[in-house]
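Sharing a structure here in structure tokens format.
Each chain gets a letter, A, B, C and D, in the order it is written, and its residues are counted from 1.
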Amino acid sequence: MCRWIAYRGEPVPLEAYVTKPVHSLVSQSVHALESTAAFNGDGFGLGWYGDQPEPGLYKELRPAWSDENLQHLCRHLRSHMFFAHVRAATGTSVSRPNCHPFACGKWMFMHNGLLANWEVLRREVEAMIPDDLYHWRGGTTDSEALFLALMGQGLTGAERLDPMRATAKMVEAVTRLADGKGAGAAFRFTAALADGRDLYAFRYSANDSSNSLYYRALGNAVVVASEPLDQDRGSWIGVPENSALVARWGEPLEILPFPETYSPKIEAIPAAR
Amino acid sequence: MCRWIAYRGEPVPLEAYVTKPVHSLVSQSVHALESTAAFNGDGFGLGWYGDQPEPGLYKELRPAWSDENLQHLCRHLRSHMFFAHVRAATGTSVSRPNCHPFACGKWMFMHNGLLANWEVLRREVEAMIPDDLYHWRGGTTDSEALFLALMGQGLTGAERLDPMRATAKMVEAVTRLADGKGAGAAFRFTAALADGRDLYAFRYSANDSSNSLYYRALGNAVVVASEPLDQDRGSWIGVPENSALVARWGEPLEILPFPETYSPKIEAIPAAR
Amino acid sequence: MCRWIAYRGEPVPLEAYVTKPVHSLVSQSVHALESTAAFNGDGFGLGWYGDQPEPGLYKELRPAWSDENLQHLCRHLRSHMFFAHVRAATGTSVSRPNCHPFACGKWMFMHNGLLANWEVLRREVEAMIPDDLYHWRGGTTDSEALFLALMGQGLTGAERLDPMRATAKMVEAVTRLADGKGAGAAFRFTAALADGRDLYAFRYSANDSSNSLYYRALGNAVVVASEPLDQDRGSWIGVPENSALVARWGEPLEILPFPETYSPKIEAIPAAR
Amino acid sequence: MCRWIAYRGEPVPLEAYVTKPVHSLVSQSVHALESTAAFNGDGFGLGWYGDQPEPGLYKELRPAWSDENLQHLCRHLRSHMFFAHVRAATGTSVSRPNCHPFACGKWMFMHNGLLANWEVLRREVEAMIPDDLYHWRGGTTDSEALFLALMGQGLTGAERLDPMRATAKMVEAVTRLADGKGAGAAFRFTAALADGRDLYAFRYSANDSSNSLYYRALGNAVVVASEPLDQDRGSWIGVPENSALVARWGEPLEILPFPETYSPKIEAIPAAR
């Protein structure tokens, strides 16, 4: 089980959340409190938006806690929107292509969770990736495949779907797989998605309970994290199960039910009236 | 374009071929003579058979020339059958899972060549991998996919096919793909396959000319290599295009046409009677 | 604080102690029981003796628990004498040259402990390394410097000293440094030393208490380890503080006081007559 | 022999010089024109100044040409002053601590060249590093030791020396060592030094000829490089042997004789009058 944080707000140095706080992401890599994995030493990654439409990425298969490059980058990079992730592998190899976050064009994604029975379901999920995106498949994780399947639900190409709706469609399709060929496989999906302007975070599970997710809002800024980053736990609010946090640029933060509100089923109801 | 060597014979220290000769594999990593890639610095790998049925593997994404571990292992490991490979990547990432040799059960494989138009053909070749072997797919190279497709041609499972025939079937199926969906894509396949007893090496191409391949026999021992390992070039014999070298345990070395002799077409002739 | 094991006996596959037991060294890298460091993820190393006078080494800065190469090597290497070490760094960088074991000619060494106030004492300990050995200094750890200082106490060169006496001389000189310029710096020295025939292990400290050390003897074989490797704790015997375990080839195991018996002070007595 | 570039001017993305030009530093890592090393695959590093007084650093032991992180950082980092370096090792190990550039407080340094007979001279050069800087010594290269010796010539601490004079003093002291204990050892010093405001580049040698060095000025901006970065070689000006390029912030570029003008000897003459 991994740990991650996502930030959206005024540009700040990444160190403000990744390396400096008492219970920063890097200190969570050494000792996570709300996780079944005591530590997260199977690689890590940073992704940040700056002047370019697509995010910058830094991934490394070493543990975060001993990487001098990470200290330097977090001190010297500033961004209005960034992701950071420390990995505890659940069966796939420790390699850079298996580290989060993943990017595809302007989109960036990271995940804490799993799709159980992955050996059986891998081909099915990979089959959800459109041909023209398949060359982005660089590793073997469930997380990367889920992301590219999500991209294939209308986030790239001519017709664009709302990201919430696209994610709901992907999550529901994968839940059907988990229930069917996966024979009731647990599917835990605590994930973040961004495009440089808008940030979405999801806490969902099927056949299991969801991994933890918290946020803290400070004016325009919002920090979303697997665990509170400091001991002022009162300032951190838990995201309920089966919910999404939506932080669109210049708009107030929303917590919405997920995936129900956006699901094709729900939509189909008014259409049927 | 990569460089490789394969050895079968009395147990020798790996250094005898990998690190010590004037034009050893490691010196080829720095300066190859018969290659379009001036050097091969995109990772490397060793595979060797010892007491266990399956081979041992050592892979590393650093260049071979600066890896102290490689020097130690080549000096201290002895084997009657081993592979060594230095990689020059042709588009896929530099990571351990993309390094050769690849293993699956008792089988070991390495490759110098390519399947052009890989972005278009990748899914088709991956579809040739049987479900029960798909979890061995750890990287993104054409080489690993070709190997697992070959395994799926009857080298594992209850019914076993002759390795030459299995390789011929795979190569012909991939050639059809290259000719069809690949729109005449070049397919170069200079590869080695072994199971701890028998060694096979192939030099084949479609829509292109084959990568170089040489061998030297010394009594019971045979060394097969992309390029001669020393300046006594007279003692090295070129393997002709569209041929296979077969060095079965305790049997004399053979050079045979490939894939014709073993092709389903040829077999189909008796079936046609 | 690191964890290590050393083996001397009939040749066995390294996996018998490094990767397979319930509480193998690799599982100690994930969860050590008798250590202040909850895990040991700052690199690791193997060293083994085979056909050559000097040991083979495999070092890697990744954690031991996720390294496929380590699994392969431990399964395929057999040795009558080997060391394995997982590192928890105490201030110096995570790099291969800082991983244990260290070798110098036929000698091999590894260490669990520290010399506190290292920034002040480093130059003094480095000054104890003879000129002709100084090119072996590849990293920045106290451990490697202690080893090369020990080599300089008569383990190389024309006049050879008994290894116990040489170690005692080094340890006493470093203790004087710790007491003097180090202003009472803690010095913990739980270490192993071997030459391919004889194995020595030391548990010593000054200004502090010693790190744990255990052994188990099985016929001619002896395993020495930071912690018992299995749950049959009754079969593991603790090495007392300020003691050395001596397992010379073909001789019975001895536990001796250290460094007193071998100290220059003791030797000085006959010289005083 | 390594390759490097240094930039000072309006903030630009690092890719403008490191990864994009026809003969960018990364393409020089694959094929250098004016170097005895055909390629530079023994690690690399970036250093850049931004909002902080000290530079950010990114170092990696993999070759520059296959590192995706480097592509991302060069595209997303902008700086008014940065260094980039690709390494061809001359005997010391390939590790991050041996990669350039090196930093110490606000200062940053990189080097192309060597001090021959390093095994004999290493201790002497290390002895030139002041005690309070010795903990910065993280690797084993001549380059890092030369830098810390230079820092010790008055670039840190209460009394500050002019950087040109400090470098001249260090270079002359090392030349005396090379001539004396080094028995006429070649000393090639083509190096860059910066503090976030001012940039200095040196081309010097003793007992040998100097490594190449070029620059191009474009308004306020200056690029200094081992080799021209594009085919418009006419716009690149060679720095003469035994010269320094001085690009102080807001001042015109100067090419000055080095080390003569600034040497203690020269200075001593007027003082003696």
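Here is the rule we go by: contacts are C-beta pairs under 8 Å (C-beta built on N, C-alpha and C of every residue); 3 or more make two chains touch, one makes a residue touch a chain.
Source: prediction; values computed, not measured.
Undergrad: Which pair, B-C or A-B, has more C-beta contacts?
TA: When the contacts at B-C and A-B are counted, B-C has more.
Undergrad: Going by more than half of the contact pairs matching by residue number, which of B-C, B-D or C-D reproduces the interface of A-D?
TA: B-C
Undergrad: So the centre of each chain is just the mean of its C-alpha atoms; given that, what is the distance between chain A and chain B in Å?
TA: 39
Undergrad: Quick check: how many Å separate the C-alpha centres of chain A and chain C?
TA: Averaging C-alpha atoms per chain gives centres 43 Å apart.
Undergrad: Would you pick out the residues of chain A that each touch at least 2 other chains?
TA: Where chain A meets two or more other chains at a single residue, that happens at 68, 93, 96.
Undergrad: Which of line, ring, star, complete and other names the graph you get from chains that touch?
TA: Contact map by chain: complete.
Undergrad: Under the definition above, what is the set of chain C residues touching chain B in their complex?
TA: Going by the criterion above, the answer is residues 13, 48, 50-52, 56-60, 68-69, 72-73, 75-78, 96.
Undergrad: Using the touch definition from the top, list the residues of chain C that touch chain A in their complex.
TA: So the residues of chain C touching chain A come out as 31, 38-39, 41-42, 61-63, 65-66, 68, 89, 93-94.
Undergrad: Chain D touches which residues of chain C in the complex?
TA: The contact residues of chain C facing chain D are 93, 95-97, 119, 122-123, 131, 134-135, 137-138, 140.
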